[in-house]
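This is the structure I want to talk about, given as structure tokens.
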Amino acid sequence: MTHRTEIRVRYPETDQMGVAHHTSHLVWFEIGRTEMMRSLGCSYADLEREQLFLPVVEVTCRYHRPVGYDDRVVVETGVADVGPARIRFQYRLLRPDTDELIATGTTLHAALNGKRRPTRLPQAIRDRLPAV
Amino acid sequence: MTHRTEIRVRYPETDQMGVAHHTSHLVWFEIGRTEMMRSLGCSYADLEREQLFLPVVEVTCRYHRPVGYDDRVVVETGVADVGPARIRFQYRLLRPDTDELIATGTTLHAALNGKRRPTRLPQAIRDRLPAV
Amino acid sequence: MTHRTEIRVRYPETDQMGVAHHTSHLVWFEIGRTEMMRSLGCSYADLEREQLFLPVVEVTCRYHRPVGYDDRVVVETGVADVGPARIRFQYRLLRPDTDELIATGTTLHAALNGKRRPTRLPQAIRDRLPAV
Amino acid sequence: MTHRTEIRVRYPETDQMGVAHHTSHLVWFEIGRTEMMRSLGCSYADLEREQLFLPVVEVTCRYHRPVGYDDRVVVETGVADVGPARIRFQYRLLRPDTDELIATGTTLHAALNGKRRPTRLPQAIRDRLPAV
């Protein structure tokens, strides 16, 4: 199961090479998982209010084609893997009309409690995040 | 009394116009006041640890000349005005060798306590932040 | 005439005070004018392709209430003033349901040509940007 | 051969979790390679002026420990591998006093010419970027 959302490249996300800076793609990945989790009924904002934190502990990204200011980008997000205390998401960034690949990547997240100590993912959340 | 510190323009601070994006200058203002406060013996990181917060409630900036990637920028910071519960800083951004003016600006800060309610600035801090 | 668009606060736009950093509001202003210009039939991306640049030469912002991660923000944009070679936009950031005021601000833009020299605003653009 | 430079965590680099957002580390990697290249006599700003571009085509980062506002971070940069048209850098982020590991990562860069087409790395540059 994958989730799709769409963003537009913002002016400050570009750099003097005339395209989006490589850190922007990680911000769009974050939007992808935020919107995926919201659509699955477990908004990340709510999780943090309930003292569950999912910081990124590993990220990878491959950049296939540049993308420029005001371009639309589809963020396709899936859950690659869910463990007792970890989730890995995977992403594809695509041009909306042609499905040309802009970038692919993954993020691994650890579950932490309000004291920022490792904790188990609640079963209710694991049930809602089905692996691809 | 003014304080001087120096930064270099980072690649992601540039945009596709080939110069630093206009939000970058506000980040450099923030570095200017951070370093000024550190030099006066009241580090802002320590103030927050002691539950004194100084959020920006007003900002102004005039951009005089563009500045590009890897350029050095002098951040000149002064205290424009200190009230019972407010501080206004003023800034000049300059080219280090020629003193050419890149930008000028101001930030107004409210003092908040740990509950994010308005509070008075401790006298010890007011004493250390002499107006220009 | 004002234009309305809506954004959501992104995680990296927050800071350790737990609310959106004060530079984020200027990025949202930029989205407001981008979307306003698109709706008026003169997309800023197209203007730059035709070698008309509108860099920010002055910005002001007053912060009325904090806004947090995942909150929705209405960006209300208007043209305050159009001169032969300058445009001033004005903005209000509002909570969508209550219309509570988050921030207000202005940006002044100079018109530059492909060589980054001052130029006149084409009449076709001036006609499309009616002052409030 | 590795190069060391040091940065301080900026306020807008933090997020509401109270630590530096995971994109900040990639910006510090970029500062590490900028300063390494400068120290080797081939400043990246000069390379771009001579129409050689080195965009990131792949990035990886593992986050070992969080780092907070105003903390100092050592950026240790090395060249992992140099090919005819590619360079891979590797990085370690460390606490300056204890050498505790904050993060490790790599970036792979393609060489592009002024038309943004793949090109060979000039021999003069390959000679100056000795692999670890």
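As written, the chains take the letters A, B, C and D, and residue 1 is the first residue of each chain.
FYI, a residue touches a chain if its C-beta (ideal position, glycine included) is under 8 Å from a C-beta of that chain, and two chains touch if they have at least 3 such contacts.
Keep in mind that what you see is a predicted model, and the values were worked out from it rather than measured.
Peer 1: Based on CA centres, what chain would you say lies at the far end from chain C?
Peer 2: D
Peer 1: Sort out for me whether A-D or A-B is joined by the greater number of C-beta contact pairs.
Peer 2: Counting C-beta pairs in contact, A-D comes out ahead.
Peer 1: How far is the middle of chain A from the middle of chain B, if each middle is the mean of its Cα atoms, in Å?
Peer 2: 33
Peer 1: Using mean CA coordinates as chain centres, what's the gap between chain A and chain D in Å?
Peer 2: Computed value for the inter-centroid distance: 23 Å.
Peer 1: I need the residues of chain B touching at least two other chains; which ones are they?
Peer 2: If we look for residues of chain B contacting two or more partner chains, we find 11-12, 16, 19, 23, 27, 48, 69.
Peer 1: How about chain D: which of its residues touch chain A in the complex?
Peer 2: 16-17, 19, 22-23, 26-27, 48, 53, 55-63, 66, 116
Peer 1: Along chain C, where are the residues that touch chain D in the complex?
Peer 2: 11-12, 14-16, 18-19, 21, 23, 68-69
Peer 1: Can you check the complex and tell me which residues of chain A touch chain C?
Peer 2: It comes out as residues 10-12, 27, 30-31, 34, 43-45, 48, 69-70.
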